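In the two complexes that follow, chain A is the common piece, with chain B as its partner first and chain C second.
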Partner chain A sequence: MKPVNFDFARPSDLPAAIALASREDAIVKFIAGGQSLGPMLNLRLVQPNLLVDITGIAELKRVEETPDALELGSCITHADIEDGRVPDVTGGAMRAVAAGIAYRAVRNRGTIGGSLAHADPSADWLSALAALGAQAIVRGAHKERQIPVDTLMTGVFECSLESGELLSGVEIPRLSKSARWGYYKHCRKTGELAHAIAAFLHDPDRSVCRAVIGATGSKPIVLSDASVLIGKGPDHALDRAAIERAMTGHGMTDPIEQQIHFVCLRRAVQQAYRP
Partner chain B sequence: MTGQGVGARLLRKEDDRLMRGRGQFVGDLRFAGMKDVAFVRSPLAHGLLRGVSIPDEWKDSVFVAADLNGVKPIRAVSGLKGFKVSEQPVLATEKVRYVGELVAMCIAQNRALAEDIASAVHSDIEELPAVYDMLSARKPSSDLLHQHWGDNVFLETFVNVNIEKALDAPIKVTREIRTARQCMAPIEGRGAVAVWDSRLDQLTLYSACQMPHIIRTGLAECLGLEEAQVRVVAPDVGGGFGYKGILLAEEICLGWLAMNLGHPVRWLEDRREHLTAGANCREHFYRITGYADRDGTLLGIDCEATVDSGAYSAYPFSACLEAAQVASILPGPYDFPAYRCRTYSVATNKCPILPYRGVARTGVCFALELVLDAIAREAGIEPHELRAKILVKPEQMPFTNITKKWFDSGDYPESLRRAVAAIDIPAVRARQKVGETDGRLIGVGMATYCEQAAHGTSVYYGWGIPMVPGFEQATARLTPDGGLELRVGVHSHGQGLETTLAQVAHEILGIDVAKIKVVHGDTAMTPYSTGTWGSRCMVMAGGAVSVACKEIAKRAAKIGAQLLQTDDSRVSIRAGEVVGPGGSITLGEIARTWYLKPHSLPADVDMGGLEATIGYRPSPDSGTFSYATHAALVAVDPEIGTIEILDYVIVEDGGKLVNPMIVDGQIYGGFAQGVGTALYEEMPFNSAGQPLASTFADYLLPGATEVPAPRLDHMETLSPHTEFGVKGIGEGGAIAPPAAIANAVNDALRPLKAELLVSPMTPRRVLSAIAVGRSFS
Partner chain C sequence: MTVVSLALNGRHVSADVEPRTHLADFIRDTQNLTGTHLGCEHGVCGACTVLVDGVPVRSCITFAVTCAGASVTTIEGLDDDETGAELRAAFTREHALQCGYCTPGMLISARDVVLRAEAPDEHAIRVAMSGNLCRCTGYVGIVRAIQSVIADRRARGIAAVTGAGRTALGPAGAGHGAVVAASAVQLGSGKTLIAAQAAAPEELADWKPQASFEKSFVVSYPIEKVWNLFSDTAEVASCLPGASLTGDTGARNVTGKMRIKVGPIAADFHGSAVIDREPATKSGTIEGSGRDPRSSSATRGLIRYRLLPQGADATKVELDVGYRLTGPLAQFSRSDLVNDIAGRMIEAFVQNIEARLSGVATNTATELNAGNLIFSVLLARIRAGLRRLFGRENH
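Our next item is the complex of A and B:
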């Protein structure tokens, strides 16, 4: 279990990194925290000629707060967020999600950008940031574009970045004071990638009521208007049939999978409305 | 006792180097010119090997079966009637029989380059249908692994004791129970370095193994060497559990390479190799019926057990160790009148099964204890009430059970009583009535087992296998400075023998344990031994150290008496001194006299001197029986199927505990593995015989947060026929957890009419069982 031979570069600015990644004569991979790429290299699931380490690029460690949003560079680590070393605009939601990722050793190195780019269906940020309505900021050789996180992933371990493009950061909208958030994931053991994830945001002041069902085996299921699925009563009962229809529509047909994901969503919703 | 002898909670001597990262494992060894080996392994479970194509540039770095001149296949046979022999070529010849089987070996400057070469080598295999399920493998229509056998059954065994008398019992409960195939997952995988020394005309194999002497014998046979031409060194070894109790085809390959290439070679198993080519334990299937009276008294057990033995029998022996033992140990610690058991050791296209900590007992305990609980539910009594009726009672000891096992001593019902009290069953019942605020269901379950350990010649000679354990020898040698060396042929890889054997010697000679050095793991330095397995070391090697030290004591006393100018009969050994009526003299002075001032020795001194190699075997040698009751309290989330262990109690009797702290450590470690078996660990195979979990992301081991601290309680009923009354306890912790936890889960799920009969109990299996229960109501 040793990687193939590869070259290694550690540029200090974005254009240099993008230029290296645009080389046509080599298979080039970015490496951020290496927490997902490392095992894949060892298993020879990826066999690059060149690894471009992007953790030396100051811009990717940026933190920019505005009245409406927070922009985090892609190399901000899970631990940076967990420990509160970066500001929080989500009423603690992101800190809690970060703290629940893997083990501390993985959180110390693993990055928010790496997690999104890796596009593991079971990853936390993909579902959590989709529910929060975050935007991925993508830099290419000639332009910068934004992709809503809820459409970033295109398939298992595939996202809509084009070759030579780099995820430079994420923009997370500031939640209003009245926002309610719930996040529930199902793992068999601590630190394991999730078997089911549910994220729920109700921010009435911003007219957002969004639910995400993640760890589906493929793309997360985004229910962008979840209000229609939630009963008006004090128990916030969910329309199970409709939710199961949505799951079936996304190819999740196994009744046990459906049951577990549904229960996670119900628990996330209950968490959000807990007094 | 002086605080260091038998019974002392001494810190482990070996931890000084291990905890500081100064251990020396196979992977730490460096030799000039050493090259790394990567194996080309079969990607298919079953197929005809048509050829191996090697790119021209690598022709000199790749070796296949045809190159291995003079190397014999591995034959691990049994003389048991009807046993069919599998021949395992060290590199595949005509056929491959499991994913991961060795096809070729590639040598390079380092492992990465060797893997580059391996990935360029292509095995041309014509795929055959995979025999992946042990039950269908038994059917006449099944494809065959070993064509000339005519079927896929290594061995079938049968025993019947009066089952006819139980068949009309008013309660009859039948269950089909299955345990998954597992990996042993020691922290250190296997690995070896082979070095040929032309001056000594000797091959040295450094191997992460548990039984260096047996490896040496097998290696010499397979390589066609004189045994004196082989030395095996097992340095620090990071956990064995049975995984390292065999001779590997890889080791034979390395030996051949070292002999033929003129430089040392190394192979270190990586985690993917471990998971995909080494998933080799615990896969059992039981169809079991319990017969009982209306009041729950057990009248008989009728069982058909099938064990997936994998493709070959591993050396010294593996193929039917589990299945054939199932028949003899299924009755557990209980006394009941009728018993029938048929077992099948079935060959499949999986890697060879190996005996994992608790050998067969974990599965057996799971099957029997689940059926006992099912009977208790049927009879409407508490499971512990049922067990109390049938556990062998202290006044029956020593007791010969229905399969002629001779239980040496113990108070089995007391361990049950203490466990019931500690887990507080009335409190659990009250809590169940109220229900949990979080909607989970709680349940309590227990399991009692007894564990035969250190069983010797009288038990194994009938098996007709390459390795029958006999006397265990130890060498004790007093050094001129008054220190003591102990040389033993067993190996310590986590058990703490460097400490506990020193404690035994201290008990006899009174020498400070800091001055006692335990030498093990080198065939050139230690007496022959079958090694470390079957929880035998403290009974056997501990016993041998004890008798060897007693011999040294006798000889030293004689010299001491002379020096003290008194009679032999008037001296005794105390705290490292020979003490006479008028004075005393240290063992150090006596040793100096023997080695360096022989003019002061008594005329009739024992010329063996202050070094003695003595053999020991308890009489009878049918084994010690430690035992325990485990009790679990669990909470089950019926909506998502997760299980949490809320409380866990172990009441254990391991006879005299030489070092209670080390015993606790053994129990904790075994318990962690038991939790893994119960809830997490499984190597699934698909119908092509492909192992499906190739990393720890898919093969789940319990971590720190999944293994709660069990509450331990010790009883100490001495064994009447071992030194100090010790019993073997190495495996017990891993035996009962799956049974106790499953019984607790089934207790929790009773209101839902759901029952789990398979390990591991995954969320999916819990939810499926609940769905089945729902369909009944």
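Our next item is the complex of A and C:
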């Protein structure tokens, strides 16, 4: 269980890191906390020539709060969020999600940017940040661009980052006071990667009612107008047929998978409207 | 090799290690501190948990070089630690260990729970300790020991502290090390190694598939045209980005390779296949095997395909794929992920076939796709490659 013998670099700024990743003579991987990449390296599923440690780059630990949003550098850890070492603009939603990721020893090193860029369908931030309407900030050699997290992932382990681009941070919109949030994931063992995830945000003051079904084995299923799926009654009953159609449309056809994901969504919605 | 210096149990230590040396090996092999145990070595069992900058970290998935300049505390460093001493007494009293293999990691994690959790109930302690596996005790004694230490400390007026007092942002252990430049020498040698290992094709022998699945897709061209294309191995291969054939492409036995990249996983499968076609039923079989010299993983696969008319102008292609995988990559597999990858491959494949049939030159560049030849190789590799990891807990 030892990785291949890779080379290692720790640049101090973003341009240097991006220049290393643009090399064509080597397989180059960025590493932050390494809590997903580490096991894959140990199992030799990933065999890079060069590992670029980006945790020495001060910009990637930035925390910028504005009236409308919070920007976090990609090397902010789950534990940083869980413990409140960074501000919260989501009414506690992100702290709760962070506290449920894997185990404390993993959260002490695993990062928000690493989790997104790794694009494991079962990881928490992809679904949670998609539901929150966050933007991924991506830095390339010549320009910076933003990608909505709900379209960031293109498939298993693949996201729309191009070669030589680095996910430098995340911008999370500030929720209004009336926002309702629910997040539910199904794990058979505490801390394992989820078998099903559902995230739900209803922020009437900002006209947002979004649901995300994650851990689908592929991209998360984003229901950008979930209000049409939720009954107006006090029990907030879901339109099961419509949700199943959406699942089927995204390639989730197994009735057991549909059932598990539907129950997660129902629980997330119930959690959000809990008095 | 890289010289890594850090503070270990309050002592300055330094060793010349390879960048791939994880922190647990650094501690055990270069410093002879064998109290830190290695269990699963991929971040699941928690036996290797140590304190880095005062907080628990899995030392088997943390490279020593990424902790340069950090402060590391192992179980040996807790001899004079007040909480550590209280936990040791409580573990003894509650019979919280039997074989002791998990105990160093248990104590490190337990200490963190004691410091951070104000008044956890039994369930909360179990959740907080869920990243440390014990196969002897059934956890009852461990939970009781932690509960009793917490109760005792709170009774003495010692409150919990959020984050155990950590104030720095970013991964624990990071941010102390100096800039490290990549050395060009090693990069070159890595590449040479791959080229030198280019594998010989495997002989096909009797084998049984480990797993199988079915897929189908529709091509918007009449069945005769599609069949003509399927009858030409070289044409099919050219529709499969990443695939290339070597030697005689018209023969029943063909050799070739397939370049595959799925996220951080990249591989070159070298192999051979036997191709049989049945013009009467517009069907055929492809039986192949291949080996990825990097990972030393090998695979065998059998694809049965059948073309069916879909109206006058379209053709449905049905695939039945069985495969078997051995080697490091066989440790994984998760069918939902395979479906996603297979779906993406087929999408690109169909695009290329349709482009080829319309007379447009195909794009041959992208890596993710399936060779007719190596279709099963790729799928098998991915399927087998993903299951274990993603069935487990890594983030």
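Simple rule for what comes next: the second predicted complex is superposed on the first by the 275 of 275 C-alpha atoms of A that agree within 3 Å, B and C clash if a C-alpha of one lies under 4 Å from a C-alpha of the other, contacts with A are read in each partner's own complex, and residues count from 1 in each chain.
Assume a contact is a pair of C-beta atoms (placed from the backbone, for glycine too) under 8 Å apart; a residue touches a chain by one contact, two chains touch by 3 or more.
These figures come from a predicted structure and were not determined experimentally.
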Problem set entry | Three-chain arrangement built on chain A, chain B and chain C clash or fit | clash
Exercise. Does the superposition put A:Cys264 against chain B (first), chain C (second), both, or neither?
Worked result: first
For this session: Figure out whether A:Lys2 sits in contact with chain B (first) or chain C (second), or with both, or with neither.
Result: both
For this session: Look at the residues of chain A and decide whether chain B or chain C touches more of them.
Result: C
For this session: Mind working out whether A:Leu193 is in touch with chain B, chain C, both or neither, as first, second, both or neither?
Result: both
Exercise. For A:Arg85, is the partner it touches chain B (first), chain C (second), both, or none of the two (neither)?
Worked result: second
For this session: Go through the superposed model and pick first if A:Arg44 touches only chain B, second if only chain C, both, or neither.
Result: both
Exercise. Which of the two partners, first being chain B and second being chain C, lies in contact with A:Ile256: first, second, both, or neither?
Worked result: first
For this session: Classify the contacts of A:Ser36 with the two partner chains as first (chain B alone), second (chain C alone), both, or neither.
Result: second
Problem set entry | Footprint overlap on chain A, comparing chain B with chain C | 1-5, 39, 43-44, 189-193
For this session: Flag every residue of chain B that touches chain A in the complex, lowest number first.
Result: 110-112, 115-116, 119, 270-273, 639-642, 679-680, 694-695, 697, 700, 702-706, 762-764, 767-768, 771
Seminar exercise, completed: Residue set of chain A touching chain B in the complex reads 1-5, 39, 43-44, 186, 188-193, 195-196, 255-256, 259-260, 263-264
For this session: Give every residue of chain C touching chain A within the complex, in rising order.
Result: 2, 18-20, 22, 25, 41-44, 46, 49, 52, 55-58, 60-63, 65-66, 109, 112, 126-128, 130-132, 162-163, 166-167, 169-175, 177-183, 186-188, 190-191, 262-266, 294-295, 328-329, 331-332, 334-337, 339-341, 343-344, 368, 385-386, 388-395
Problem set entry | chain A to chain C touching residues, read off their complex | 1-12, 20, 25-27, 29, 31-53, 55-56, 60-61, 63, 75-80, 83-86, 101-106, 108-111, 115, 118-124, 155-158, 189-193, 216-218, 251, 257
